[in-house]
Amino acid sequence: MFMRFIYKFSSPPYFYAISAKMLPWLTVLFLVLLGYGLYGGLVTAPADYQQGDSFRIIYVHVPAAWMSMFIYVVMAISGGIGLVWRIKLAEIVSISSASVGASFTFLALVTGSLWGKPMWGAWWVWDARLTSELILLFLYLGIIGLYSGIEDKRTASRAVAILALVGVVNIPIIHYSVEWWNTLHQGATVTKLDKPSIHIDMLIPLLFMAGAFKVYYFIALLLRSRNELLEREQNAKWIDELLENVK
Amino acid sequence: MTHLNKLEAYQLSCVRDDRILFNELNFTLTSGQVLLIEGANGAGKTSLLRILTGFRRAESGHLLWNEELIENSVHFYEDAAYIGHNNGLKVALTAQENLRYAQALSSTTLTIDDAMAKVGLAGYQDTLVRLLSAGQQRRLALARLLCTHKPLWILDEPFTSLDRASIKLFEQFIETHANQGGLVIMTSHHETQLPHTLMQKIHL
Amino acid sequence: MSEFFAMGGYAFYVWTAYGLTFVLMLLGIIKPLLNHKHILRRLILKRQREKTS
Amino acid sequence: MKKTSSLLNAFSAVIKRDLLLAYRFRAELINPLAFFVMVITLFPLALGAEITLLKRIAPAIIWVAALLASLMSIENLFRADYDDGSLELMVMTPHPLSILVLAKVIGHWLISSVPLLFIAPLMGMMLHMETDIIGVLMLTLLLGTPVLSLIGGIAVALTLGLRKGGALLAILVLPLYVPILIFASSAIDAAMTGFAISGHLSMMCAILFLAITLTPLPTAAALKMSLS
């Protein structure tokens, strides 16, 4: 049954139509989750006894960091599906996720340093997780660079799928080695950026924000996939009807 | 070449830079036949060859080698050989080293000396390929086909940069290869003197 | 209300972080929407070119 | 009569051919070496010749230089074969392409990284490293440089079709080099400060065997893809 759904969902015209219907609902859901998350995070959550109000940056930093990792894994999996079963839509989902993932990684880095500055007085802290995040950003830049380097879109997306799979195998190794390196060179400032032991009504807004970011990713993914689909299916017949009622 | 080989193509289509090069292309090539692919430059001849050699996936349709899809057929790459514009020869090595390398990679039917003698390169065993003329290099590539067991020959413009005598020689070998139950696919601009009984033609 | 914006003295850091996040997220939505319009337009023109030639 | 060649002699034929080609272009063998030495000599020029400082950062300098030298020389791993059509010859064989690719990478490692191993002790002395530390340096280079070539092979195969793959090659490959760099330089560091290095070296061995078994598959897939 699941495979039937996959094939039905992955036929371009069906995907194009269904995504148009889903987008408004997703936007509403995104705004609701965001509203709860922001209200909880900025207003009701008590200030941290140690870090004061600057800890509220975690409501943006942590979800962004989670998303950067989550999107890379989704990109690798959908790339792998596109490579093995040659489902065009999986390739499109994979490459459309790359730029969203890269922006979340960049976001996690900037908010991480904005959080680090008041706490440890330095814009950049060689903390294990921030360093892994930086390396993840290079992985994303490699993916985007490779995709834009190859002219033929089908070959480019297969190249990206291979690189993403190689990357996803390497991420745990890189993360472990950076973690290990961090404990080895324990510098003077003990940099502990992991979440402070979090109080329940600090945690709830964090989960809302994480949910909001996931829904946002899905929206951005659908929008980009639709564009990529139009590019790839230019000569298809279903585009002709589509263009008729657009005029 | 005792058993019969067969290459079948169903509904092949190819899109390059959003231009449909060809669509619903069907043909069946069996032992002893030559398939000539004609068409203007940029009509997709080379793209079709890249698909037939399995390097490029067709947009749609599939290819069968002895009733097996070429992607998962073990024998296809064992039986097929390809000569492109650049012959696949290492110019810094001698003729003999190139042929020995090709035999080590796949299989041996003729000795190197016999194969080189057949294509009229006897005695050139130890000369660097860099010092050979374009015609001689193309004949060396032909010798590679002769000295390894490759029933299916896929040739991209085999006659370019060849003098009359070399073209004549090449055509003879294609004919004998086909008569011995081999298959040949080739693209070409100028008219060939190959007997029409063997020929199948596709115009892109 | 003003102490809410002061964020316990960390106003600059907190609001830059939030501001940058939403600017980037907004861009991530607007860019593909604009792109969508351009692509449709380009395809329509391509169809017309094919009809005329 | 048809005698199909065994996988083993195809494997050794690829390595022998590459070594023969390298021998024909002997002059080019010096390039990775010259680059390695040049990069290392830049650091004392930049930092001043103060002995304790140089000794302290010697492992990092040597390892970063080895990494960059490997990156420089990996570029033409498949380039020559791609241009003259012998890559297609390698694909159209009864043998699995990933094994032949492994042979190519081993050939490249023998040509470009093994000479580094011979010259590394000299560099170590130049940076005032003690002799037993130089022994550890050699060990880490021996375990680490093959991984550099194996992982580099993937990126080279991916960027083969690009017009100018060079810059992108570095971006693709350097993040993947991070674990090796960390374990290698920290192994030497530990040796200098008298700690045990077996943990570091076992991690490097693990990564080496992982690379040997896993990397040829994506490299072969990427090669086939860039041929299309």
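Observations, loosely collected:
Labels for the chains are A, B, C and D, by order of writing; each one numbers its residues from 1.
Operating definition for what follows: a residue touches a chain if its C-beta (ideal position, glycine included) is under 8 Å from a C-beta of that chain, and two chains touch if they have at least 3 such contacts.
Nothing here was measured: the structure is a model prediction, and the numbers come from that model.
Common neighbours of chain B and chain C (chains touching each): A. Using the mean of the Cα atoms as each chain's centre, the chain most removed from chain A is B.
For the pairs A-C and A-B, the count of C-beta pairs in contact is higher at A-C. In this view the innermost chain, defined by its CA centroid being closest to the centroid of all protein CA atoms, is D. With each centre defined as the average position of its C-alpha atoms, the distance from chain A to chain C rounds to 16 Å. With centres taken as mean Cα positions, chain B sits 47 Å from chain A.
Remark: chain C and chain D have CA centroids separated by 43 Å (rounded to whole angstrom). In whole angstrom, the spacing between the mean C-alpha positions of chain B and chain D is 36.
Residues of chain D in contact with at least two other chains: 228. Taken residue by residue, chain B touches two or more other chains at 57, whereas all remaining positions touch fewer.
In summary, the structure contains touching chain pairs A-B, A-C, A-D, B-D. Across the interface of their complex, chain D is touched by residues 83, 135, 138-139, 141-142, 145-146, 149-150, 152, 155, 158-159, 162-163, 165-167, 169-170, 173-174, 176-178, 180-181, 184 of chain A. Residues 154, 158-159, 161-163, 165, 168, 171-172, 174-176, 178-179, 182-183, 186, 203, 207, 214-215, 218, 221-222, 225-226, 228 of chain D are the ones touching chain A in the complex.
Across the complex, chain A is touched by residues 15-18, 20, 57 of chain B.
Chain D contributes residues 1-5, 9-10, 12-14, 17, 20-21, 24-25, 83-86, 88-95, 100, 224, 227-228 to its touches with chain B in the complex.
Those residues of chain A that touch chain C in the complex are listed here as 42-43, 47, 52-54, 56-57, 60-61, 64, 99-100, 103, 106-107, 110-111, 114-115, 117-118, 216, 219-220, 223-224, 226-227, 230-231, 234, 239-240, 243, 246-247.
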